[in-house]
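When the chains are written out, they are named A, B, C, D and E in that same order, and each has its own residue count from 1.
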Amino acid sequence: MASISLHAVTKRFDDIGPPALSEVDLEIEDGEFIVLVGPSGCGKTTLLRIVAGLETATTGELLIGGSDISGVPAGDRNIAMVFQNYALFPHLTVAENIGFGLKIRGTSKAERRTTVERVASLLGLSPYLERRPGELSGGQRQRVAMGRAIVRQPAAFLMDEPLSNLDAKLRVEMRAEISRMQRRLNATTIYVTHDQTEAMTMGDRVVVLNKGVVQQIASPADLYRYPANAFVAQFIGAPTMNMLVGSIAGGRLVVGTAQLKVPERFESADGPVLVGARPEHVHIGDRGIGHLGGHVVLVEHLGKEVQVHLEIDVPLDIDDAHGDASEAFVATVDPSEAPVEGSDVDIVLDLDQVHLFDRDSGLTLTRP
Amino acid sequence: MASISLHAVTKRFDDIGPPALSEVDLEIEDGEFIVLVGPSGCGKTTLLRIVAGLETATTGELLIGGSDISGVPAGDRNIAMVFQNYALFPHLTVAENIGFGLKIRGTSKAERRTTVERVASLLGLSPYLERRPGELSGGQRQRVAMGRAIVRQPAAFLMDEPLSNLDAKLRVEMRAEISRMQRRLNATTIYVTHDQTEAMTMGDRVVVLNKGVVQQIASPADLYRYPANAFVAQFIGAPTMNMLVGSIAGGRLVVGTAQLKVPERFESADGPVLVGARPEHVHIGDRGIGHLGGHVVLVEHLGKEVQVHLEIDVPLDIDDAHGDASEAFVATVDPSEAPVEGSDVDIVLDLDQVHLFDRDSGLTLTRP
Amino acid sequence: GNDDDSDVSPTTEAVSESESDAGDGSAVAPEPEDDGGAVAPEPEDDGDTPEPEGEDGTLRYFSMWNEGEPQQEVLQGIIDSFEEDTGVEVDVLWAGREVLTSVRAALSAGDPVDLIGFEAEPLAGALVNTGETRSLASVLEQQIPGEDVMVGDVIPSSFLDIYAVDGEPHIMPYVVNSSGIHYDGRRLTELGIERPKTWDEFIAASLAAGENAVQHDGLINFYNAYWLYWLIVRHGGPGAFNAAASDPTGEAWRSDAIAGAVEDLVELVESGALAEGYEGSNWPIAQQEWANGNGTFNINGTWLASETASYSSEGFEYRLLPFPTTEGGFESAEVYQIGWVVPQAADSPRAAQDFIAYALNSERLAGMVDVAKNLVPRSDIGVPPDLQDAVDMLAASPAGHRPYDGVQGDYPEYWIEFMLLDDQLFFGQISGEEFIDRIAAKTAEYWDSQ
Amino acid sequence: MSTDVHVSSLQRGGRLAGRGIGRLFVWSWVLFSLAMLVWLILAAFKRNNSVFRDLWALPDSNEIQNFRDAWDLLNLARTTLNSVLTVGGGTALTMAVAAPAAYALTRMYFRGASPLISFFALGIGVPVHAIIIPLFVGLSEVNLTNNLWGLTLTYMGVSIPFAVFLMTGFFRSLPSELEEAAVMEGAGPLRVFFVMLPLARPGMVASALIVAVGLWNEFLLALVLTYDVDKRTIGVGLLNTFGAMRYTSNWVGLFASVVIMLTPLIILYTWMSRRIIEGLTVGATK
Amino acid sequence: MGVPSTMDVSPPHLRHDGRRAGAFIAPALAIYLAIIMAPTVATVWISFTEWRGIGDSPEFVGLENYRHLLKSDTFWGSFNRTLAILIAGGLVVFFFSFVFTMLLREMRAKRFIRAVLFFPNIVPPVALAIAWGVLLAPRNGLLNGFLEAIGLESATRTWLAPDLIFRSVIAGLVWIYTGFFITILMAGVDRIPKHFYEAADLEGATPRQKLFRVTLPLTWDVLSVAAVLWVITAIKTFEFIYAFGGSGTDPSISTWTLPVQVYAVALGNRSPIFALGQGSAIAVIMLALVGVLVVLVRRIMRRRGVEF
């Protein structure tokens, strides 16, 4: 096991355009579980591959266990990677797949067998040792990939969206299993995902990347509660945080026609801001008691809660990754409070919970 | 527009094994939006294709608009289908794709143009009419596929997981858009999905299929509140409903060591049962006040709520589609109530909300 | 060339004479001169009475020459004037050396082929021997347009007899080649070597000539075969090789004459006189080097002079050495004819015969000598300067024989098997005894399977 | 750890050296192929008596005459026309019949489709030599020898197996949803075929190119099935020129004819090589 | 893997009775039958006859032609040379193709190199043969000239001498066809997703291990197609050898292969034999050879059938 450090790592694939990774600094402690999230193309895979040695950084330093290993080829870094699609060799059996690395390293046949069997039983794969990947279910394949990774006790695990090919149910189960496995092995792990839930539940710390730049590194709970900027705020949480355009002037928070009291936390703030409110921090009331007026476009009953899509008369700040989104404002409410579709309602923002961001830099004005 | 009826439709692809569809009865009213859900391989696509005429039923009757159309070829059924990957003709422009069916039917060029333009503006596709599918975004393609379907005013729409290729955000938007479109056109629609949210939000009624057999046909809310059997109960809702093995004897509900009062609704029940409790109906308290003892394995912070994975000393009934799942019991609690990982806790089931199922047949004992 | 143009008027007359029963309106046919009685197969021809009717004045001629070869150019000139003089249209196909492939294609497709010009040996093997050609006896009686002689007067019967069937000629030669050992006259003088006459002298001269004395393109199997065939003919006389090849028992190969020939050949191979790498020389590499002055002797057909003319070194003096004689052996010259046949299936046999007679006119045929540098069967036409030796050789020879003693033409399949063994002998891969044993066995086996 | 790194870097050094040698070999092979081509082209501009003397000397004079000779001898106007007619016609017709056949074989799911595919594929293994004799006799029965139509027909016959083989690969790889979508819109079988056809266009283009290049270089069939000068194709023309030039020892003229015949191919190839290569590989690897 | 007897698996809208599909297939099938299959059958029949094909009609002679061939040194020479191309040539072609494919995978100019290597496959074989002849000419050939120029005079050979000429021919064929098979193998290798190699890299696999543990097993089906194509190509090869001997001068007998012999015996050559029966017998033997070897290759390389 080992710590992993990246110092000012930059990666350019071509000379034009922005780099795929830019000045990434990251200290991962021995045994830590780091989750890497960010929109598509933000450089998650690239970072992983640089650590693995499948790609070389353009500039910057990479240390594993304290020593610079920039020049060490992938095979000698003692790092295991679980690929998104597992990269199981289709012509090898489960046992052969798990034992592949041992074979390459020339481990004796007998030793290989016992090791593979131990790992397989650990992963509940013992009955399938003679099958080929094509004859396994998605979850089983995932476990074979895990098996191949853990069998040789690597210094670190890298996992690139290992669950994205599984169906929802299985994903939940495998998620828990990977967490448990990682804790048992206490292996340094970098885990890439684009799944909210995985990001929030699996890691000790989460790294949010955008366009190759680290946005925030924090524990899941902190990330949710204290997003460092508007990007993180909107990226973490589903449905996404509603983001309204407003400004603070003269001690009042102005949003559309509403003039609200600025929460204590923000009293020093001033000028144009973005007001972020998570759907669960938006309440719907009858006309006359709320901050803003809205029109109910759609009511989605999700069983235990209801999502209300609203049209409001305040400009929204839409995440530009999905610029063509219809301008929607969402509130999550209890089934008992669901409004009628097509009705006009009042919207109350939970001012204790809203976030404010500088409208230019996007940086949070909240001090945690 | 037309009603669609299936009477005892059975489909076998081979002589061995169970049929892909077995004795399916389904009455769809004119203008109704039916969602078809079920685990992978349960026969959803097959049912759709039989209605479309791309597959023939082995036995049974299929009526559209009241008349038997078993012998009518697909092209003459006046049904439109939206394929999972849209099946747009890559060499045709958007306009030509939308107008394809009209052209086949020999509609005059002028008429075709006006119709296509009308549909395109309806879908917000007017600026893209001369583009080819390769030059469109996922959401736009989806709309072109819709356009091709609606342009010739078919008797019914069939959609086979039309949103599964889109990313999460776009999916939410398109979901709302399809709902709106369907309401506007008031077109009979069968919509296949494996997405919980789509199932719960889009349909007038939901059909739950399992292994080719219809499990329940009901409105989304009823499905959630009154699942007809243990399968539906576990299939609908995420995280899945916890299912404990218990029995009713002498007016007491026995679950593990706990002897609980049988809720009024079930007082006539007797014998071995399954006790179903959704995660949100499970509460966690300190030792001594609960029904069951549990050990906290994992605490997942999802931001607005916390999922607590527990090990309990009562046998669980695991959905056999995922028979290899680790035996887990999940509670969803407020972040403020989250227990500490590794601690032992008491579990309280919300007896007003639990479901009871016959342990043999799986049928519900709840009378709605 | 322009020789032909001068012949216009006499030819017109000549042709009109022979066009007697052609019934062709375009041809001038004043006197229905009878030429029928002279030839035996004539009734056969007359049997196909509609045939002459079909002659719409077109002559289909398949030639062995490729476009661009001098012979082709000469023939083209003759054809042009023939067309002009007679109104007969000559539809000529310059098919190259695989002319018989095309002939076969045309014949089996039912297309008319009236005239084929090719080497006599394959013609004999492929067509004449199997009865697919017409007798040309009547041509001998035809007057050569523009001259006062008949064909029979100017073409020696010794040439015609070689391929005669039942005493009647079937192949009419227009080029006569031979083969022998070529050398640069100057070079021999410079080296101070006497022109060798006998085999022993030849070997001695070769050894004296230094490196690469005998250039040879060993990848051409039938060039390799020159040596042994010549030696057998020298030792055993004309026909000895053919007799050995056609002996069903194969025992004829064990004669003293052949043993002597084989022994001589082995002597040559072992002498080191042959240029290094001769066995892998890809034609025309060796002859090219020879012409460039790298090497002294080259066994080849008499066409070698014209083939190498374009690249031979300055002042090259083409000389030909008749194949060396052997002690107690025979003397004869190879007669390598290129000639015409008229297939049985010809549509316009008459026009074909007319063309033959027309082309044999001395002035027209002179082109073959002057331009193509070939020898021709008519002795009253000049000789290309480089081939004087060849003419002398032919004149001096007491006898003539067919190329490869007729083995190639008469037994084409056998010929292939022979060349295979001959190569091994010539490349020193097997001994003389082995060769004789094998060829004897092979011969017996071959005849056994026929 | 550090020793590990050391050892492995040594190994790596060995690997790199091995790779270096390998690359050197690859490049020498490439260079060799290019050198052959360059030599041929250079030779076409040399003089007959110097061409073999100093092999790599640059042409001392540009002998346009070589090209004139070659042009005349090849009878290029005529042979090109014939080749274009037979090769172009044969290719076009082959595609015209092979595309629907390949489509039906892969997309119509009728009983016997799979054995039929194998039956077509069988034809790839039949050497021309094994059929040319009866083919020749048969064609002459129906007066199609020495006839460009007959040659075109034959070209179709010999190209069909490979074309069908390649194109079944392409059609198989097309998504069936498109077909189903067309069917749902009411298209009949012919219509569906024409909907699918443009999708298979890359495959068709590639197959056509491969077939055409093969036929362009073909000369055995042309040699045996036709004999008239005015029915000669460029392949036979080259062969004949080869003969003539060799007998007259006009080597430079010969090289000039090769260059003449090669030029369109080189142009076509630099332009379309990716298509050709990819087309070939789709058929072979699908 | 036939269709279940009572059930129709194929979708009904696409399923057609033979007739409809027939209309699509008929033209191609008709021409194919007429031009390839009927003559193939006829060839078998002609091989039992003696026939010159000019005016005469075939005369049935039973197995005489075959018996004759079995005794003919020429035939065995051709036969052995054909096998030599097939086996020796095949080994060399495949060895080079593999090495090249591996090397090219990581080379930047791989597109260009592949295009150059493939080029001989579109050049008229006549031209290739001419070039090859010039290359290997004994004294003033390019190769020997080159060897002398770089001071390797001892390495010069008479490349076309009887003991080497056929090897030289094979070398020429290797030169031509290696590019073709590189192309096919590369397509197979390119199909292998990169992550398999990366996974192997992470395990520290050497290039050789990657070749044997990843590339070979994953290109097996392509290899089997390539092997079948090689069998056919090797047995069919004619133009290059034929033209190598020259036009008008029959190719040297020491380079004859079966197709050349068919041509020489039945179709043409300078002194033609016109033995159609015998030519057909050789053709039938070629056909049989193709058939047997294709079946053999596919059996040896069996695993997941490839259309053929």
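Rule of thumb we're sticking to: contacts are C-beta pairs under 8 Å (C-beta built on N, C-alpha and C of every residue); 3 or more make two chains touch, one makes a residue touch a chain.
What you are looking at is a predicted structure, and each value in this text was computed from that prediction instead of being measured.
Chemist: For chain C and chain E, which third chains touch each of them?
Modeler: Touching chain C and chain E alike, sorted by label: D.
Chemist: Could you tell me which chain lies farthest from chain A when each chain's centre is the average position of its Cα atoms?
Modeler: Comparing chain centres, C lies farthest from chain A.
Chemist: Does D-E or C-D have more contacting C-beta pairs?
Modeler: Result: the pair with more contacts is D-E.
Chemist: Chain A and chain B share one sequence, so how far apart are they rotationally when you fit their Cα atoms? Give it in degrees, rounded to a multiple of 5.
Modeler: The superposition gives an angle of 175 degrees.
Chemist: In angstrom, rounded to a whole number, how far apart do the mean CA points of chain D and chain E lie?
Modeler: 15
Chemist: Take the average of all CA coordinates in chain C, do the same for chain D, and state the distance between these two points in whole angstrom.
Modeler: Whole-Å distance between the two chain centres: 40.
Chemist: What is the distance in Å between the mean C-alpha positions of chain B and chain D?
Modeler: 54
Chemist: Specify, in ascending order, the residues of chain E that touch 2 or more different other chains.
Modeler: If we look for residues of chain E contacting two or more partner chains, we find 11, 13, 53, 137, 140, 246-249, 267-268.
Chemist: Touching at least two other chains at once: which residues of chain D meet that condition?
Modeler: Within chain D, residues 52, 137, 180, 183, 223-224, 239-240, 243, 246-247 contact more than one other chain.
Chemist: At least two other chains touched by the same residue of chain A: list those residues.
Modeler: Residues 73, 75-76 of chain A touch two or more partner chains.
Chemist: Under the definition above, what is the set of chain A residues touching chain B in their complex?
Modeler: For this pair, the touching residues of chain A are 40, 124, 139-140, 167-170, 172-173, 176-177, 179-180, 197, 200-201, 220-221, 224, 236-240, 278, 280, 297-298, 300-304, 307, 309, 321-322, 324-326, 328, 332.
Chemist: Which of the residues in chain A come into contact with chain E in the complex?
Modeler: 52-54, 73-77, 79-81, 83, 85, 87, 89-91, 100-101, 103-105, 148, 152
Chemist: Where on chain E is chain D touching in the complex?
Modeler: 3, 10-11, 13-18, 20-21, 24-25, 27-29, 31-32, 34-40, 42-43, 46, 53, 99-100, 102-104, 106-107, 111, 113-120, 122-127, 130-131, 134-135, 137, 140, 142, 145, 175, 183-184, 186-188, 191, 206-207, 221-222, 225-226, 229, 231-232, 235-236, 238-239, 243, 246-249, 258-259, 262-263, 266-268, 276, 279-280, 282-284, 286-287, 290-291, 294, 307-308
Chemist: Along chain C, where are the residues that touch chain E in the complex?
Modeler: Chain C reaches chain E through residues 66, 96-98, 100-101, 104, 107-108, 121-122, 125-126, 130, 132, 218-221, 276-277, 279-283, 285, 289, 294, 344-345, 408-409, 412-413, 415-417, 419-421, 423, 427, 429, 442, 445, 449.
Chemist: For a test of understanding, state which residues of chain C touch chain D in their complex under the given definition.
Modeler: 62, 66-70, 93-98, 101-102, 105-106, 108-111, 283-284, 288, 307-308, 310-311
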